[in-house]
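Shared between the two complexes below is chain A, which pairs with chain B and chain C, respectively.
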Partner chain A sequence: MSEENKNPVTEKIESAKGGHFYKEIMKDFRIKESLHGCLNCGTCVANCPAAAFYDYSPREVCQMMIEGDEETIEEYMKGKIWNCAQCYSCKYRCPKENSAADIVMAMREIAVREGLAEEALAGYTRIAKLVLTRGNQLAPDMLSPDAFPDWGPRMIELSSKKMEMREELFKGFPGMNVVDRAWAAEDYTIFEMQKIWEESGALEKVGTVFPFLVDIVQDDMDDKRDEMEVKINEKKAKLEASKK
Partner chain B sequence: MSYEINDVKTGINHAKGMNYHVHDIRAEMKKLEEEGEIKIGRIIGPYKEEEVMYGIKKKIPLDMHYQHKSCGQCANLPGVPRSNFYYRDKLGIKYYNDMQQTSCTAWNYHASGLGNLVQLASVAARNWHRAYEEGYNFTIHCVTSFGNYLEMRHLLVSNKELRDAVKKVLASLGRELVIPEEIVHDSEIAYALRDKIFEAADPKRIEGIKRLRAVEHYGCHFFKQVSDDIIGGKRPIVVGGLASHLGVQMEEYSKWFMCCGFGFRHILVNREFTRSAQNIKLKAIKEEVDPDMILVNCTGCGTTFDKTQWIQKAVGEDYHYPVIFYSQLAALALGAHPFKEAGLDFHVTPVEPLLDKMGIAYN
Partner chain C sequence: MKTVLVIGGGVTGLKASSELAEMGYNVTLVEKEDYLGGQVAKHKYYKLAPDLRLAGEVIDPVIKAVENNSNIKVYKHSHVAAVSGNAPEFKAKIKNSKGESEENFGAIVVATGFEHFDPTVKQEYGYGRFKDVVTNAEVEEMLNPGGPTNGELKRPSDGETPKKIAIFQCVGSRDRQVGNPYCCRVGCVVSTKQAIEIKEKYPDSEVYVYYMDMRMFGRGWEELYGKAMEEYEIIFTRGRGAEVTLKNQQLSLRAEETIMDRPIQHSVDMIILAAGMAAGEGTIEAANVLGIKQNDYGFLEPKDDFVSPNESSKPGIFIAGADKGPMDIENCIVEGAAVAAKVASSLKN
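And then the complex of A and B:
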């Protein structure tokens, strides 16, 4: 590492303290950009919506990492990290340009990988399935009044009329009037998305929380793999030709 | 309230004078391109320069827009993408609504921790490449996609290890790493087009718009995740800037900075947090302004503000502020039917009182 890329704060602790979780978190290259010492000024806490309602503190997140305090880190790993709203108000306001939100993101990734996220992700199956099988994260069908009773009576009315309303709104816009996904992404596109998850190791990670989803995605990919790989090979040839 | 770049500009000059962490991503991208590390997807056609942090000029493309849609908007507030298409049609701007686009997956990532940086950056780069191969400028409807793509650009430029991993994934798809010259949110484009929108607007609609008082709320991922690449400097100006240009009287409120409570995972599995955060925002809006509408540019915030007012009756509050996106306001100014073309009937908080005040028929 060149001198200018060194971060004196993280370098110092890395060599001295910390247990398993601390060491795992420090492997994420974002941490070096997210910790520049902490004044304990509390500006982050004053601006944090999660700190207003939960036992969660962005100041504590920065402090526990600076101290290499494994006990507190473990407390966060096992629950508190899921309180963060990922709004980055802490990052925006911090006079030292720390980012507790980025540290929490690195920690969430590790929590999933290490099998600590099952409870936090209960109720998340539908989103994960949609991303991996449709290339979208949300669909009109998911917004059923049963799932969102607190959104009021107008949701019930909207839900029953959504097909006709969408047809009217998206007249002349092919692919937009669908209800099982946000727009009609093509099969080839969905395959590309699945391949990204497979090649990047992210699909394997999904298996730690939703093992059945990995089977669904792999079956789906196997069904169309031969056909899709022909298309991808054509694309590769075209790209090679354009480079010459 | 003024939307000229004034107090923000002081901030820019201050930062320049201090030479404090001035980070010129454009210069770094150019260097990487010269070294053969990346390609830059350059702006096609006319553009307008607007000032961002440190006085850097951001090029806002005025034509040939690849429409990176928002899954949340298309599913939940479909009047927003429809309005985005509408104002382009009215102004004669060419755009491409691609069915080979995927979600950016950043909502999933921030909510769940599922996925990883290589996956997230590869999804970004695949969508960027779609715009490049079709010959369009990459433009973004969703604020979380916008924040995510700004961050992915930064990480890909600054980290060779990530860049190499992403290039490998892209090669397996027959694609290459082409980073757009500018990462542009649709509300920045509407702001850059404010004169054209005003000139092309229906004078009767403008008359109605001039009767309105509004507050604005910006998505956190619009300006807090990567805060040096939005028009105006540290505090965003594009939504209120467009609205005040069209004649809306914009008002200030003390909780403008606060997160709406969407929280990515909270809106799904922890809505008591969402409702509580909303109550703080809405209370300040009511007590300090009591506006005709709340203007937004973010999918998650638009959803949260629109859907979370009714339930506040449970704590004795009565909120009724129509939630309108910048592009829905632009579409209305340009003569759109409020339901059939701006999709305002998909909103849960009633918009009819607002339309009545504007003198727009809706039945």
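And then the complex of A and C:
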């Protein structure tokens, strides 16, 4: 059979499944338990809060992984998978017990590793900075009607008086009377957390997407380092004493 | 002449009993309810697909053939409590409210059938929480003039006739979440039949069927499906019914229109769940008492699906009908006759 007469459909599927990203995703330990074929029933999409508001479909995620088309997978890893809210409704409703949410989580990790995530994650810079410098990811003043349509009108209405509400709700807890972060942690706690980011290699991973955030965290740590080292030694001594 | 014990007085057990009796065997038929006819009688099935003929036209002659045959002894409201011995010398203890008796049998036929899947466990459909979410079996009872609503389709919440009706296919079928990954084999045709019955009776109503595949493999089923779309304007949407909520006192369902590739919400007056077939309590009890093999879903496992479909894992114990897996009435009657022939040939040897 000549080159021109080959069935183009068969050829596409065969070559597509050999793709690098496809293989990397299939290697992930979660995939075996997350994909048992797909009935195309749409239960996952019907229950998916992300599908209701954004350009995302858990059914497409499963279909895509069954078909294994490398180009589609790459496109997804750069864009649509970042719209999943990781609520796992798809997993708990799917009649095939598939879990698009788990597939998405594996794809996200690989996308970060493979350098496909920068553009999609650019919008999360503020959240990432907050996590790395304050220890919590969302702040009440990040709530805006444009950013979170899926939170509904009631939440938007309440967001206009969040400081008053917080002061009322958390009387006697000054750490909670803030709106630029979820709560105010002590300097020592933040420093400890940052040290964990650093030593576990997580900070380095963050650096592949947000290189400038690594500098911010390191500056932040340097500012506090001397003071914190003293505290750490104090705590160590205390611990030693309690052992005796 | 040896006596045959038949467990289960549904279509299959009835047909097996009358066939065996006609061949000259004595038959003891044990039925746990106080009536014969199994699920057909229990849920007052009204009309049968695909011909829309009355279920009574089919089941009544089968019951009469048993009641009018003096070779058949019928124990209603009874169950088989214990069985001992081996083929062809079994001893069975039959229990009922009047007491118990022990009798000898040459062979045993298990025709304990199925039960409608209980959709309460599919919490997202709200069955049991929302009154107007009903099962297909409940609709059969309603449509039957001898049923609780004298043949009228009524919303349980207010007794009104619903105008917009949605039917969910595959409830408790093709679903690993509830442990039933198999197809119920009848949901598609029963839903289509009920949709047509509703449209015939209430031409102003709107009927929507939410399906994944329409599995119309039986005699005349595909034709019925065509008729439903062309003549009755029933709307078939490809997408599994996913969730039911109550919005402003009205049922609201979620699904994906998978052909149009969009998630939808749909307000309706009533939702009918096409609940599938599960192994009945009677089947599980029989399997325990007789020590015969069940498959992963509780149904009885033939010795060999292809070669010996009516033999259980134990010699002298035979199985037939919907206790082996989902089966329609037409095939249950065939199975009843087939098992009778198998029993007769085994007793001759």
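One rule holds for everything that comes next: the second predicted complex is superposed on the first by the 124 of 244 C-alpha atoms of A that agree within 3 Å, B and C clash if a C-alpha of one lies under 4 Å from a C-alpha of the other, contacts with A are read in each partner's own complex, and residues count from 1 in each chain.
Here is the rule we go by: a residue touches a chain if its C-beta (ideal position, glycine included) is under 8 Å from a C-beta of that chain, and two chains touch if they have at least 3 such contacts.
The shown structure was predicted, so the numbers you read here are calculated from the model rather than taken from an experiment.
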item: Chain B versus chain C as contact partner of A:Glu97, first or second or both or neither; value: both
item: First (chain B), second (chain C), both or neither touched by A:Phe148; value: first
item: Partner chain(s) touched by A:Ile156 [first = chain B, second = chain C, both, neither]; value: neither
item: First, second, both or neither for A:Ala52, with chain B first and chain C second; value: both
item: Partner chain(s) touched by A:Glu168 [first = chain B, second = chain C, both, neither]; value: first
item: Partner, of chain C and chain B, that touches more residues belonging to chain A; value: B
item: Touching partner for A:Asn40 - first (chain B), second (chain C), both, neither; value: second
item: Doubly contacted chain A residues - partners chain C and chain B; value: 47, 52, 92, 97
item: Chain A - residues contacting chain C, complex; value: 36, 39-48, 51-52, 57, 59, 92-97
item: Contact set on chain C toward chain A in their complex; value: 124, 170, 174-177, 212-213, 238-240, 242-243, 254-258, 261, 263-264
item: Of chain A, residues touching chain B in the complex; value: 29-30, 47, 49-50, 52-54, 82, 85-89, 91-92, 97, 101, 105, 108-109, 111-112, 117, 120-124, 127-128, 131, 135-140, 142-143, 148, 150-155, 158, 165-166, 168-170, 173-176, 182-186, 188-190, 192-193, 195-197, 199-202, 205-206, 209, 232-239
item: Interfacial residue positions of chain B with respect to chain A in the complex; value: 21, 69-72, 74-76, 78-79, 81-82, 85, 97, 99-103, 105, 107-119, 122-123, 126, 147, 155, 159, 161-162, 165, 168-169, 171-176, 220-221, 223-225, 227, 257-259, 261-266, 268-269, 271, 273, 275-277, 280, 307-308, 310-311, 340-341, 343, 345-346, 348, 350
